[in-house]
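Here the structure is laid out as structure tokens; the discussion comes afterwards.
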Amino acid sequence: MTTTRTRRTTGLGALLLGATTLLTACGGAASQENAEGLTEVSVGTIPAVLSAPLFLGIEEGIFEEHGLDLEVNFADGGAAVIPSVLSGENQFGYSNTVSQLAALGEGLPLEIVHSSWAPHAEFEDDDHGILVRPDSGIDEPSGLAGKNIAVNTLQNIGEVHIRKAFEDLGIDHEGLQWTQLPFPDMAEALERGDVDAIWVSEPFRTPAMNQGYELLMSAGAQAFPEQVGGYYSTSEQYAAQNPDVVKAFKEAMVEVNDFAEHNPDLVRQVAVEEMGIDEDVAERMTLPLFPNDDDVEALQSYAEYAVRFGILSKAPEDFEALFATQD
Amino acid sequence: MTTLTTSVSTARGRAVIGAAGALTALGAWFMLSRGSENVYFPALPAILDETWEYWRTAEGLRNLGASLTTLSLGLCLGIVFGVAIGLVIGQLTFVEQAISPALEFARAIPATALIPFAMMLFGVGDNTKIFLIALGSLWPVLLNTADGARRIDPTLRDSARAFRIAGFQRQAFIVVPAVLPRILVGIRIAIPLGLILMVTSEMVGAQEGLGFVITQAQATFQLVTMWSGIVVLGVLGFSITFAYSLLERVLLRWSDPRREDA
Amino acid sequence: MTAVQSLPVARRRTSRPRVARVARPVVAVAVLIGAQEALTRTDVLPAGYFPPASEIVRTFVGELGDDSLGPALMSTVRTWLLALLVSVGLGTAVGVLLGLVRPLEAFLRPVIEFMRPVPSVALIPLVVLTIGTGSGAALFLACFAAFWQVLVPVITGVRSAPAIALDTARSYSLSTWQRIRWIQLPSMLPHLATATRLAASTTLILIVTAEIIIQMPGIGHEITMSRSAGDPARMYAYIALSGAAGIVLNVLVRRIEKRLNASHGLEGSR
């Protein structure tokens, strides 16, 4: 009859074990210091070329100079990064402007720390592009009206860029259809004819162009040239408890972005080494701008258009207050 | 205390206590979340509002319709194939012996592990969903049918042979009614599985449906909409399971009036 | 009991030797694999989607030596074990309580009946937001789903003590506690055993699902990654692994179930 007792003890033990696991899974907001006195922080981001400066900053010791031991964690899409920042899994996270605005508009306790990237003004130089098959019969942007475009996340920055770009060019964007696909799957879908055009970002743009797909336009360059397209943010909780770390991260990022702007070859090199991008692709892919821009105007512009296009239901009220540090 | 214990022993007593329990639970949720500032757990009134609002719009109905359509199609396919193959396996011993290990292996594969496989074949869309739901719901039906077919009362079998009833007639009029209770058990297990596959495939490989709405709402941080989707899904799951249990009871009584309810 | 239901099923035993009985499945499997190989190599089944079986096997063997299979398998199994322990533990504890205190059970029954059919996958977005994307999320989802599957049979089991045993307990004036310990809990065990088996397979499905959707490390994650990377052979290899894992874990749980039943003199039940 010991079996029943043993069973109950096992059950109780499992209960405690389970509870402990669950509790530890809920992230805490205290900062961790490692053996060298550097603060350990992890940054969540997406495996796109805009993240390369982070690795550059680690390699060049810029983060170390500011007292930070940085670790980069890749997530599937910007929408997955923000929850990880809020739950404490990552201390900082990258998300594009529209995702940030969506979260902030819904009242999530997020704070913007620093700018990440911006589209070029010339569209050949930009790291995003809309591609079509050469035999599609679509030669100009106006041919895309009413077509099915693949974006990596629905109701997100791709749509905002494309809709505004079309509006600027006088093309109707109401009839557009959208299909959500991860970047690596886009070329195949285009080939199969599942979609008419793909909105794709480096490092997937260059290989797709190498496959013969035609670059029709760059929506970002058209719609929001040189306006910040993504930010690093942190949770309100973390910022309140660790203002120095947040400040250190921001100051480090100013240096990192500057450095990346002036050393594009090093950016390409680190993309190959740390991000597993093919050397050939890294050589030929286009890099976005890495600005140090705290201007709220870009944010306001994005918010305005996103709400207008029905992508955001509400915009934040006080834009200045969204930033973690005001200098 | 004694009144409580005695009241539980009558069906009506239990129903009353149960109703009280349900109301208390709902009331508690309502009161606790009413002034909720927490973004992740919005106030129940807000959720209910949104549920009433969104799911009656054209878009909401379209998503709901898409989910129900694919679920029904997938389940039908799974049931039809499950019964057909199950009958074969159950009645032909040599087929069963031959296929059994392969079947055991295929069955052990968690249905959701096949999502990438289905997406590879059918891309993003309804066919992926239907395929997955059919594949997942096939197994419980197949196994239960086979089991039932294997255990058909020899008296029935012998009578059929004596009256020279064979082939299709035998299957339709003797085998299937005899196996029906087991088939119904299989379907009962298949339904929640189908629901899970429906939601999961909508979260990954679809542009429409309940799972899609829930995931999209989460991606755009519209948590109230997300919760309304969860509520609708809960209600759907409950209704379908409940409706089926009624159907099952009716069918069982019709197939064998002498039978006591299992 | 009518005559139709009373006869035991008599199985027609073939007099074929054992060798033949083993040979059939082996031959069948060989034929199936051979057919697949032929169909894919001749492109009847497009090789892009269906690599030949030999290639799948080769990829699988390659993965064994590679660094990803071991950790992925361990990750999945580890989370599965934890989820099983927690859900069975919680389910038994709550089930026993509810089984013994009838009014409480009647009170909570509608809540249970409503929460039970909720597909726990519907909670994935909520869980991702609150718990995150680590194994805690998968653990919660798996436990939530399996908990109900353990709860209901345990409640039934506690109640299923045979009336004779209860009468005997009363006539020997056993205390409530003794009655619970020696009669009602043991009668719950066979039900618990079946429930554990169900919970084992449910938790595995949910963990693999979480790995696919939330992109947690594990077998499911490897399957999705292989598809995105355009490597169908690897994808099938990992799908096969998930099937093998399912079988092995199922066999293990059955062994434990048998041992439990045997220790209570309930050999060969269910």
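Just so it is clear, A, B and C label the chains in written order, and each chain counts residues from 1 on its own.
As a working rule, a contact is a pair of C-beta atoms (placed from the backbone, for glycine too) under 8 Å apart; a residue touches a chain by one contact, two chains touch by 3 or more.
As the structure is a prediction and not an experimental result, all values here were calculated from the model.
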Check: Taking each chain's centre as the mean of its Cα atoms, which chain lies farthest from subunit B?
Finding: A
Checklist line | Selected pair, greater C-beta contact count between B-C and A-C | finding: B-C
Checklist line | Distance between chain centroids, defined by C-alpha means - subunit A, subunit C (Å) | finding: 38
Next item on the list: Mind checking the centre-to-centre distance between subunit B and subunit C? Centres are C-alpha means, answer in whole Å.
Entry: 17
Checklist line | Interface hub residues of subunit C, defined as touching at least two other chains | finding: 128-130
Notebook entry, point to check: Residues of subunit A touching 2+ other chains?
Noted result: none
Check: At which residue positions does subunit B touch at least two other chains?
Finding: 218, 223
Notebook entry, point to check: Any idea which subunit A residues touch subunit B in the complex?
Noted result: 77, 79, 82, 102-103, 105-109, 153-156, 179-181, 189, 192, 194, 311-313
Item checked: Partner subunit C, residues of subunit A touching it in the complex -> 1, 3-4, 7-8, 10-15, 17-18, 21-22, 24-27, 75-76, 80, 83-84, 86-89, 182, 184-185, 188
Check: Which part of subunit B faces subunit C closely enough to touch in the complex?
Finding: 4-5, 7-9, 13-14, 17-22, 24-25, 40, 93-94, 97-102, 104-106, 108-117, 119-121, 150-151, 153-156, 192, 195-196, 199-200, 203-204, 210-211, 214-215, 217-218, 223, 226-227, 229-230, 233-234, 237-238, 240-241, 258
Item checked: Complex contacts: residues of subunit C adjacent to subunit B -> 2-5, 7, 9-10, 12, 14, 21, 24-25, 27-29, 32, 49, 102-103, 106-111, 113-126, 128-130, 204-205, 208-209, 212-213, 219-220, 223-224, 226-227, 232, 235-236, 238-240, 242-247, 250
Check: Touching subunit A in the complex: which residues of subunit B?
Finding: 39, 123-124, 207, 216, 218-223
